[in-house]
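For reference, the structures are reproduced in the following blocks.
Two complexes follow with subunit A in common, the first pairing it with subunit B and the second with subunit C.
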Partner chain A sequence: MESLDPRINRLKSKAEWDEEIQKSAMDQFETYEVFIQIRENRPYEHVGIMHAPNEEMALIFGKEQYSRRYTCTGIFVVRTDHVKITAFSENEENIYEHMDLNGIQDGGESFEIFHLKKRGKQHIHVGKVEAGDYEGALSVSANLYNIGTPVYNVWVVKTSDILSIPPEDKMIWDTLPEKKFRDAMAYKAGDKIKEFKERNQK
Partner chain B sequence: MYGGGNVFETIKSVEIADEDPIKLYEFEERIDRGEKIEPRDWMPDLYRKQLIRMIEQHAHSEIIGALPEGTWITRAPGFRRKMALMAKVQDEVGHAQLLYSAAETLGKPREQMIIDLINGKSKYSNIFNYPAFTWADCSFISWLVDAGAIVNQLANAKGSYGPYCRALERICAEESFHLKYGHHCVIHLATGSPIQRKMMQEAVNRWWPPMMHFFGPADKISIHSETLMRWKVKMASNDAMRQQFLDMYVPKIWELGLTIPDPKMKKNEETGKWEYTEPDWEEFKRVINGDGPCNKERLAVRRIAEERGAWVRRALLNKKAEYVQPLA
Partner chain C sequence: MNVEALKDLLYKIADDQLILGHRNSEWTGLGPLLEEDIAFSSMAQDKVGQSYAFYQLLEQLGEQKPDTIAFHRSAENFKNCQLVELPNQEYDFSLIRHFLFDKAELLRFELLSQSSYEPLALLSKKLLGEVRYHVMHADAFIKQLGSATEESILRLQTSLNEALPYALGIFEPSDLEMDIINDGIFAGEEALKERWIETVFTTISKTELNLADIDSITPIYGGRRGIHTEHLQPLLNEMTEVLNLDPSAEW
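So, the complex of A and B:
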């Protein structure tokens, strides 16, 4: 059968190879964790990952992937190996109660804290702390943010490792109102079916 | 979009017997309580392997599924259809990315999955090995193949693996536009001129057999498949999903004055089940194993894309970077 794909039938591209394809594990780069703010004044929430060669590209790809259909008001990206994670707690236990909180609390570095409070859901940003190292950041966080229902898992990220879109570029999130063709609502056809049935009954 | 129809290969039950019984018991308890399993949690080897295979096949199906529709973008009738189809194809590729990411959290790097796809070692939904000759074929895919995929995805979204469920939640939200758009395209043709009606009917005739294959052959009842159901990897039998699809969509097809090329197709009012001619499973096996009308060109197009983009990726590569498994 002749191909219907223009890359094959018009560009006459090669369609068969003798050797198998080879790729290195890093062919599509490192991974970045992406966080999205759905609306103003809402916390940033983890949404997934992106593969990218650097954080600027991760931000652009992340914006395309995670805000293409449903817009948002902010995005964070951070390289996966810059996220420090605690163990997961079991059942209804709070992970803060199972930590050795003896890191360096003094020191001028700023860290962002993310909590998992609903199993099966995403990590949510709870706030910023100042500390000397990652463990210290957890100790400060245990005093500041360990409130309410149990925290099952914590992620800690240095503020300086996060790339986000600055407030002065906020208009990047203003989407075009005429993109209605991407909404299910734009495809009502009940009248057409009704009219068709009436026509057939005559 | 995706079809079930994933054939769950039997992995020897010895593997389950090798697992730590206490950890296995706790794992099953968690699933029974409705808890989600996360990437760093303990899980049986069989669970990990089957999930990687399933999510990976799903991701490949999104990428390959974008090909028959993608080639119709330039020929779609009118600017409005072109824009909608472009947005839909873009969504499908986005879905593949979400799914590759979810599979990656289980320990298989994305590049390895892409290598396995291109080298023909990994499967994707069999229906995309068939050609879309006309705009009506493309409309059939947008409406009914997506509808089948949604039946499957809504079931899987209730599964036990956290990252897969989260990806599916996003995917299902986006699919609602695809389904409505596809239905709109089919209604337009089916209620149109005699030529349009004829074109639509011919597309239904061509696509019905692969559509019946879509959910895969009836599951073999085995300890293996029972285990996967208990672990909430497989959420419904292939037959149950096929029944659900027929129940939702056959009346909608008939309502448009179209016929289904199977004289036996009818709902048995007593049992509530749809009756049909048993699909040709020999054909299904033949095509899934590489001998379908489009298998070669689908993989060739992927390989061309890989090879043409390689120099850009090489130029951007940070040599010091090391692979790290993503978090969630």
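So, the complex of A and C:
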């Protein structure tokens, strides 16, 4: 059944977990999902999409695109079609309770789990799990991280599909704190324009 | 401590950043990709912001206010190297200049973070992060386009050959060079150049590009003494165009 909301149809999400379904890429370059950490020890949050010819450039572009106006402590990117997504739940329902999960829980691969807990907001990193496949990762996550308010949607990403800034380059976050000159808001011209108009009227 | 030597050094650094920041900002809205347009423009803003920080250091040493220094001097009073004032040309040249200049800038700030003049050491340490990203950006581009297609390699190689003599002009020694070194303010242009050649070579050797024998190239000097190409004064005229409509206006 198609949703009345075109955004949901675009996501091609189904009610059941289906590993074949992934977030669809756009037509220009490859697309990458960008996640930012605002402060040390805060979870990474999804901030948007980046068009780029490859992973390295996605990271380079994403850094300026999403952190130039604010101080920030980390960034990583992952190719859009490496993000596996669950269906969206409705109302206040928890998506974990609507999934019949049969994946392989045992296994040495590590996955990152992202939850959507506020509609209209973005996915936030909740933790890492070890499992044999994506569905198994969801099962483990259902036991570990399904706490508190309902989860409306889950993203699962292999840790090995993530590209981040290496620790030795962490200093790039240490920038000049004075960034006001970058904002149009900081140029207070209103009073001057008013004064100019008044002067011309006289 | 020789204050005149220190001021000369600060002028060189600040003027380089202001002029290159302005040049690079000319790409705003015209960049090859939206994403790169944003990144390159943002780095240009970083450069102008950094020049402001250095002009403030000069003000503390008794020079005029940053705005006055930046906007009320004619070309012959600027101490930037000629590399930064050259027109942008095609994107390949702008990228190569960005690569050659920022590599030197990062090493300069690394050396200056050990400076005996503490305000300079602190500021340089603070700026390392921004310039480190600029170099990551430059390296990523040069590594990829330097081994991509026949056209990209040829374009970068041509620009590299053209830019190198000017890039060596970054390291034009000042008459007061020995004072700066002896006072522990800065390790000096020659020491900087040695390190720069090494790091430029490291990146270039990962590509299909060739780096000419540096010793066989005659550096283009003059910028540090106020001798500039015909391109600097028009840049300054444009930069101060609005200001000069009414120099007494308050901003």
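In this text, the second predicted complex is superposed on the first by the 150 of 202 C-alpha atoms of A that agree within 3 Å, B and C clash if a C-alpha of one lies under 4 Å from a C-alpha of the other, contacts with A are read in each partner's own complex, and residues count from 1 in each chain.
Definition applied: a residue touches a chain if its C-beta (ideal position, glycine included) is under 8 Å from a C-beta of that chain, and two chains touch if they have at least 3 such contacts.
Not measured: the values here are computed from a predicted model.
K.L.:
Between subunit B (first) and subunit C (second), which does A:120 come into contact with in this model arrangement: first, second, both, or neither?
P.N.:
Once the two structures are laid over each other on A, A:120 reaches subunit B alone.
K.L.:
First (subunit B), second (subunit C), both or neither: which does A:51 touch?
P.N.:
Touch status of A:51: both partners.
K.L.:
Which one hits more subunit A residues, subunit B or subunit C?
P.N.:
Partner touching more subunit A residues in the overlay: B.
K.L.:
Have a look at where A:147 lands relative to subunit B and subunit C in the superposition and call it first, second, both or neither.
P.N.:
In the superposed model, A:147 contacts neither subunit B nor subunit C.
K.L.:
When the two structures are overlaid on chain A, which partner does A:23 contact: first (subunit B), second (subunit C), both, or neither?
P.N.:
A:23 sits against subunit B, while subunit C stays out of touch.
K.L.:
Contact-wise, after the overlay, does A:65 reach subunit B, subunit C, both or neither (first, second, both, neither)?
P.N.:
both
K.L.:
Applying the touch criterion given at the start, work out whether A:173 contacts subunit B, subunit C, both or neither, answering first, second, both or neither.
P.N.:
second
K.L.:
Based on the superposed arrangement, let me know which partner A:83 touches: subunit B (first), subunit C (second), both, or neither?
P.N.:
It touches subunit B, and subunit C stays clear.
K.L.:
Both subunit B and subunit C touch subunit A; at which residues?
P.N.:
50-51, 53-54, 57, 64-65, 68, 181-182
K.L.:
Across the complex, what residues on subunit A touch subunit B?
P.N.:
For this pair, the touching residues of subunit A are 1, 3-8, 13-17, 20-31, 33, 46-51, 53-54, 57, 64-65, 68-70, 80-81, 83, 85, 88, 119-123, 155, 179, 181-184, 186-187, 189, 192-193, 195-197, 200.
K.L.:
Can you list the residues on subunit B that touch subunit A in the complex?
P.N.:
Contacts found on subunit B: 35-36, 38, 40-41, 67-68, 71, 80, 83-84, 87, 90-91, 94, 97-98, 101, 104, 109-112, 114-115, 118-119, 131-133, 162, 165-167, 170, 173-174, 176-177, 179-181, 183-184, 187-188, 190-191, 255-257, 293-294, 296-297, 300-301, 303-304, 306-307, 310, 313, 316-318, 321-328.
K.L.:
What residues of subunit A sit close enough to touch subunit C in their complex?
P.N.:
Those residues of subunit A that touch subunit C are 50-54, 56-57, 60-61, 63-65, 68, 169, 171-176, 178, 181-182.
K.L.:
Write out the stretch or stretches of subunit C touching subunit A in their complex.
P.N.:
Within the complex, subunit C contacts subunit A at residues 33-36, 38-39, 42-43, 45-46, 49-50, 53, 126-130, 132-133, 136-137, 140, 144.
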